[in-house]
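Two complexes, one shared chain (chain A), two partners (chain B, chain C).
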Partner chain A sequence: MTAVDHIRPASTRVAIARLAEEVVGRTVGVSATRGRGRWLTADGERTIDGVVVGQTAAGATDVDLHLIAEWPARPLPPLADQLRWELRADAASAGLGDHLGEIEVSVHDFKLPGEGGEEGS
Partner chain B sequence: MADTKTQDDTRDSLNSSSTSLAARGQEPLESEKGQTNIADSVVTKVAGLAAGEVAGVHELGGSAARAMGAVTQKVGLTDARSQGVSVEVGEKEAAVDLTLIVDYGESIPQVAEDVRQQVIKRVEGITGLSVVEVNISVDDLYFAGDDAPEESRVA
Partner chain C sequence: MSVFTLKLLSRLLGFALLLIVAVGGIAVAIFCLRGGDATLSLTNLASLLSLDELRDTVGPWLESLEADGPVAALAALCGLAAVVLGIGLLVGALVPRRERLLVIQRDEHGDITARRRAAASALAGLAERPREILGAKAKVRPNRRRAGGRARIKLVRAAGTDERPAAEESRRQLGELGKEMSLKLQSVTRKPRHGGRAL
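So, the complex of A and B:
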């Protein structure tokens, strides 16, 4: 977050993207895709990698999480549900629960031991 | 060289199978909570690791793939653990093709069946995708000592 962000309140979509970034960052077994330039949200002078937010016609904010799974392998569907659940909980706590639409999770690659760098498909 | 391969038309049924994981007590990839997408490379790596766990599997990949893989791995384009694995992934189902080198003395049908079961178990368990087929080609046999350098004929 830059100094400018403290002065200017984040839009709903950026605020939700930041929450998504935090949820992914604290979840063991996954990391956000980085370095591809395709899946990100602009947040002032920085980018939120692996998170794409979009506004629906109904006004809800849909979230797409683009992730790399990490070793040791965990079953991915429950991990994806955990991410959804935590993001919804965090959004509700932040007063953004009503704005949050669908949350789609895409796992692009599996990072194995000894494998360096990024990235997904 | 031994070769055993099975091919079904089940790929046409990718994403339309009635044998859903939910029916088997596993978490579905699409629920009212949202959609989960799994990329090909995820399935490729899980299947490659699973096949390598089976006793009797010496290595994955045919001779040409291994020769090419030796080059591409050096420049960081591929990983040995995904060599010899090709997958087709739909929204809910996956099909896996594997090329193996089997240790000489092992029963090829038994190794192939063990690999099939292990790949299905791991891919379904980790990704939540339903594995509709695992095709196995045994490209070569490995004899102990194959890797030993040839002795020089002259002193």
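So, the complex of A and C:
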């Protein structure tokens, strides 16, 4: 994964994926899964790992966040709420708030204290 | 028919076909050892299987299939059923089964889910931290319709109890993690097979 490219123009889908990547990156207690060819969004020559965005028939952009949670740093439901709230706030500031649909959070691994976890190892 | 049933059917049928091909292949290979009318020749194999009689039996039936009539209609139906079955088996063999996730919370904002294996691995990791636990295996069964599920943790437990604060903390964390993932924890304990160790 390389640095976020703010200069290159992107579709709404990719723009939301980039915002999601930033939100996950700055949230303590979680990290994105490695995409493994499945849980990622293509952004030109790079990939946004752990973020899957899809557009619904109604035109909304649903976001699936695939994460590794560090435990017991934070309880999961408030953590997921924080991720959703921050992503919605960022999307609203970027003028994409109306496009954002559901945000689902999927935990692929739990990184226990002193362990790398399955994904992290 | 669900994808699970189709998958099961395709696996069973695949195994049966493999078995038939393997046995048939071995038989043909053995009967290829000699030529002419010898015991281990293909001619003998054909006569053992009564292929001549089979041709005499099946031949007229195949001829009746070519003509119009009830047999041809039945054959067409069987052919159609075979095509449907074939498509079903292809679906079973090629469509990936959707992973059943543990739903931790479900509301109007979306779902919070966890992979069963990750949840089980985290539970087992915490469960085996106290010294008296020599091994732990966890299995998570998510509820089908609502959030949460059950987790069964199999523990191999030595005699005695680790009373270090770290062990107490791990036990507390295990309960907390289960609660956080909306899981009902069930522990099954057994003694080590070869005596194990005592604390």
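The working rule: the second predicted complex is superposed on the first by the 102 of 121 C-alpha atoms of A that agree within 3 Å, B and C clash if a C-alpha of one lies under 4 Å from a C-alpha of the other, contacts with A are read in each partner's own complex, and residues count from 1 in each chain.
Rule of thumb we're sticking to: a contact is a pair of C-beta atoms (placed from the backbone, for glycine too) under 8 Å apart; a residue touches a chain by one contact, two chains touch by 3 or more.
Quick caveat, the model's predicted, so the values are computed rather than measured.
Superposition note: with chain A as the common reference, chain B and chain C are in steric clash.
In the superposed pair of complexes, A:Glu22 makes contact with neither chain B nor chain C. Once chain A of one complex is fitted onto chain A of the other, the partner contacts of A:Pro78 are limited to chain B, with no touch recorded for chain C. When the shared chain is aligned, no partner comes close enough to touch A:Glu86: not chain B, not chain C. By the document's definition of touching, neither partner reaches A:Glu70: not chain B, not chain C.
Using the contact criterion defined above for the overlaid structures, shared-chain residue A:His108 touches chain B and also reaches chain C.
Taking the listed stretches 24-32, 42-50, 60-68 or 150-158 of chain C in turn, the superposition on chain A shows a clash with chain B for 150-158 alone. Once both structures are placed on chain A, chain A residues 75-77, 80-81, 84, 102-110, 112, 115 are touched by chain B and, in the other complex, by chain C.
Residues of chain A that touch chain B in their complex: 69, 73-78, 80-81, 84-85, 102-110, 112, 115, 120-121.
Interface residues of chain B, counted against chain A in their complex, comprise 26-29, 31, 33-42, 45-46, 49, 79, 81, 122, 125-128. Contact residues of chain A toward chain C in the complex are 71-72, 75-77, 80-81, 84, 102-110, 112, 115, 117-119.
Touching chain A in their complex are the following residues of chain C: 101, 104-105, 109-115, 117-119, 121-122, 125-126, 173, 176-177, 180-181.
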